[in-house]
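Chain naming follows the written order as A, B, C and D, and within any one chain the residues start at number 1.
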């Protein structure tokens, strides 16, 4: 049992101790201790990983361990991390940690589901076995229903049901894709690395099969990554979810989508990725602009942020499909930065909603005078969102654009430029929102006496801001960690074929 | 004739012994029906005896003599370890049902007929035993009928209840109809092959023979009636709704499971030459079973009727393992059967205990159930998630494996349709979860304490649901046995 | 010169400190901290300048380009995103300009912003802006320039919106950010193209590049490779970048944000929207000048004609504005256009008296310098006036000369400077610009001369409107206007610089003595270039400037202004249009709100809710409807069950037969 | 049975071979099904079911006699099935009586309380 499994064991322990915990104090203690343990573990892992890489550990996956689980089906409990998963684990650690503080007054059941959710997320990122990935993916999905349905707001039952069903529908596609990959590779191993490198009894998957299963896998994960046109669960879901849940969902869960697309679809089906990427490229580029434009006219803060998430996550998938190392590095960076900033955004929006009991832009004015701390945090989140240098968004977007420009053909150029326009639109909707709700003078007497953030809220918000600014100021090491792990995947893709496929009518 | 052959059927004989003992006990122990002590004894006795008998069968599995195969009466009776295993699984289910039945048996109006319940149930179980390890159509037919005739009595158990009687009538009439067709089919088999021994039939079949194909269809229809596959399912909902909850639980799991297993064995063993044909048939039957049942389940309010439709669609998933007739399919089918039994009985346990305590069996009655009875509704949630195939509960694993088997057998489209249907099924399972957790209700079902038998049973089910999948040795063990075809 | 790194770090630290701890600081303390830091970096940059210009030149007699500090901030595949410091004549000059003006503004703000709510925030933002602007000018690569470019954009956004409770200020800040952001899109794409084809973002095409040891070397910029890939590539990239520059420097039609930006505090307008940030575009073109001249000569008319039109447009609008800050804003636009034109008319890079084609570069930088000084002085003076009369409108003013003597004098000096009167700094620089234009194409030269005349006219219209003319007595009785020493001191300093530079360069220019002049510090290729005025051009522009000043005096000096009224009466439509800035804002309003919001965003949002989402809802609804419709199958009649059973059997039989 | 055959052969001049039995059983089968689907009285339905079952039994007997005279399998099966059908009918009738107690009639049309 290697130490990666702690990422699953700690949440399990948390579940049990929550079960036994008595009273709000006990619950909080368990949650704080557990989540900080997870965060510490993630940080330690990152440090260790970097030092080991520096020490010359050249394997694709470090700290791998594999235990046969279902011997007859070649399913094994195999874990391992590369730079991408390390970064994602770090992100999850931060979000879970802050999410705990944001949902400070919640009851025991809430935290039970919350912890189950985070267990799924962590498990997903450490596992390198297709079955395990899929299992943890679904573990992470289902608590959403109760979290939104019970503790949500607005037309929560509808949103929760829609979210759950759409994501489960996606996982139907995904499961089929996994079967296709597994049996396409000879049905000897479910280990991602083995399948990719044709070791451990895995054969090369035939091109025709790849072209069948790539769409299934990509759509299966893409829906969770809010891929246009399967994104409509996200606005409603986010709008109805309680604060910490929107944080966790937009911050981490949606990242499962991008991660899976990269780790499974692109990594295991390289030829099909070359052949079919253009279709999804069109979809995602559309989604990027589409989400940004529809964010411009939203009046509900959470809807606005949800649509901007559609735009940014679309950017992630878009960059992945560019199939260049730089762009994919940018995609991972974008996942990280979007995770942090959208979590911050949802946290602050939730706090404002909790006080003002409305999220309608037209009814909120002049918050800067009333709740300065929250307003400043909100403004920072907004600026990060529109890619202000010095904050994380800028780094990610620039990397993506530079990487996308490495594809010199017209097709990719056109869609890259199309995607770049989204940063202008982002400025439009962000500044519109900030100008409307933070600036000006408060006209609503009820809002005149709102109290500013509590200490735990301040703590969570500050943590997030520090992370965002940290990435924004010193991105170099992160980018190195990521690109080291991205490179083999992309080289694998590049090695098997030319990017612009025969099937692309636009070439 | 060598009477020692009877010793090969030690499973059946031990069960018969149990029945006989119970019969005697019912005769002599219970002179006076009014005293509670007796009925307590009578409610403990069957569970204990059956547990013993289960242990006895299982012991044969644990220390197999030879390859565990046994054959008696010229191949009329055959037994393989995997069959024994299925019998064990059925036994466990029956024990849970007995535990479930206890509170119901304690009701005054049932005091008079406690013994009958147990004996009838066990005789249906015996029928399934014979059905499972039949090596000849006669044996199979007798087993089938033995499994279904006492069932009628069980369904009609509550004598003065009109619904119960109607359910029984529908059951027996449909059963007669289907057994008529089945019998005709078997006669065709006999007419074209001149024998009804499974071992000899496979050689004599040819996909070209119209009569034999007709026989195949009639056979599938007869057994499909037991498994309640579309289009032979229409009795199911009505019967489940009308029957006493305990019996419904028994029907929905035990008889269904046994029949599914038998369908597999006979299709593979006997109808081997016509594999394409029965693959086509099963393909359509499965698609329709899953889809139609899901569509019906969506708008049910009576929870027993709802579970009936859920059971039909689950049966559809169950027989996915039949496709292609591979060993992997066999394994995943038995595994699915086990997991499904645990989860479904768990749900029925809670339905039953709720009905016994509050008399409410509508989904809308469960609104706010979590506020009043958190533990029960939590277990119920686990079981429903398991049925819906949500990890980390056992249902996820069984679904995944059975889909895997079907995919491996070469039916990706079928798997895809089934997968899409899981979304619908998730929807209606979530409806109950929603009712219990989300929907506010000012007058929810009052809090109550369930008796220790139910508690034990619930504990068993919960344990099975939680550990059934993660503990991989279960599947692994089944896999080691399932060569025995 | 490693200490130059401090020039960037100190303001950043003071920004962090004031931003985080400002809440617990007193106004005075925070102001002191900010100003002290500024003083330090001002001294540092003067040292830098001294050290740089006194260091001996390279073999070819040009100034070396030093890179005391450079690090890889973000690796981008084969490319690098570096951060560093690059010192060459123009960046050093910009250091001087920025720190000087910023320092003046810091001091001035003590008086101007006294008692304002958010005083600490104000100083924090000032530090942020100074840091970003300095980072922009010392950029070692185009991407670093873009990074700080965005940062100055946001700090200008924050400072314009300083009075965030006023809707006008909020709208103005939003507009400024979005318009420049839109232009920056062009900049970004230009950068991407440039980086992809040349394989580097770095400025290693500047002459005599000298890396200090301990710095990461530049990835060489393979221009020839890019040219080989297609002659149009470099020009396209440069033009796209120029769009970004045009946005920041408020070239038509992207100028609309600058007049509104006057909603911010006046010192901010002086610093950002007159002296430093708005010339970033000019600076960018100057930075890429070698590429422009060498590879994009044919595309440079774009710069020229955009500049010429903007200069004319702004000047004509400035003649009709009544808000004194808006007048100054439009004059700023016009003057920056002068600099752009000056860069545009360059045809070669080697300097020297036989090389007329390279004067423009020097002239443009020279004008940038002088303009920064006197325009800052003008704005700060306007600030004093506004502070005194609490209004921006000329109606509130008139006859202020006896109330605000110092302001009056300094304002007059600056007006003379901007009008191009000899012995004032503006004369020398503007004269060089016109010379360059003449050398390029006399038509351009004459147009620019005419625009210079307009400049003189509207500036003196402003001057007379403020300090002479009818005095608004009853307003002045309520509170008598007065000026504070802390606010007038910067004015004096700036006007001294203006006069000093003017006198020196004029004398030198007319060859009174042989000494260094601006050109010997800054020229297209870093060689020493002694300015010698072309007397014909000089005399012409001077005469015209004086004439238009006299005209303005004749029209606007008196208590009553019959001529002006007659002119308004003569061409009311024209005046109205000019006053409304030829309705450019309305056009933008129409495009953004009527077209993009109403006819793109809303339909998309509707489509999303009703079509895409509607589809998934339809699936759910359809399932329900279907399940309701097939319920008759389960009719409860056992005979029908049997019938279905039988039909099923028959169908299956038929299926496999 | 051979004798009976000969007798028929002598009297009617036709040779009774297996087809006759098959046709007969098929007829009985479908008459039974028809009855099951159309009768309104549950007892009548039970009688029709008996027809179906007996049709199968005739098949068994006929096949055994005509095609596979060496074995007894068919006869045995027929016997068992007769017994089983008896048992089924018995319990079915019990249920019908139960229903009759509740409804005071036994029309199958009244068994539609449980539906949809």
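The working rule: a contact is a pair of C-beta atoms (placed from the backbone, for glycine too) under 8 Å apart; a residue touches a chain by one contact, two chains touch by 3 or more.
Here the structure is a predicted model, which is why all the values come from computation and not from measurement.
Fewest steps needed to get from subunit B to subunit D, stepping only to touching chains, is 1.
Legend note: the chain whose CA centroid lies nearest the centroid of all displayed protein CA atoms is A. With chains reduced to the mean position of their C-alpha atoms, the one farthest from subunit C is D. Centroids built from CA atoms put subunit C at 80 Å from subunit B. Centre-to-centre, using mean CA coordinates, subunit A is 43 Å away from subunit B.
Per-chain CA centroids place subunit A at a distance of 68 Å from subunit D. Here the spacing of subunit A and subunit C, counted between their Cα centres, is 38 Å. Listed for subunit B are residues 169-170, 173, 177, 181, 237-238, each touching two or more other chains.
Residue numbers of subunit D whose C-beta contacts span two or more other chains: 36, 45, 108, 111, 113-115.
Among the residues of subunit C, those in touch with two or more other chains are 631, 634, 636, 638, 642, 646. Pairwise, the chains that touch each other are A-B, A-C, B-C, B-D, C-D. Against subunit D, the residues of subunit B that register as touching in their complex are 137-138, 141-142, 145, 149, 152-153, 156, 159-160, 162-163, 165-170, 172-173, 175-177, 179-181, 183-184, 186-188, 190-191, 194-196, 237-238, 241-242, 305. Per the touch definition, subunit C reaches subunit A in the complex via residues 72-77, 79, 81, 143, 147-148, 150-151, 154, 157, 161, 164-165, 167, 170-171, 173-174, 177-178, 181-182, 185, 188-189, 192-193, 195-196, 596-597, 600-602, 604-605, 608, 612-613, 616, 620. Residue ranges on subunit B touching subunit C, taken from their complex, read 169-170, 173-174, 177-178, 181, 210, 213-214, 216-218, 220-221, 225, 230-232, 234-235, 237-238, 277, 280-281, 284-285, 292, 295-296, 298-299, 424. Per the touch definition, subunit C reaches subunit B in the complex via residues 623-624, 626-628, 630-631, 633-634, 636, 638, 640-642, 644-649, 652-653, 655-657.
The touching residues of subunit B, counted against subunit A in their complex, run 328, 331, 385, 390-392, 396, 400-401, 403-404, 407-408, 412, 415-416, 419-420, 422-423, 426-427, 430, 433-434, 437-438, 472, 475-476, 479.
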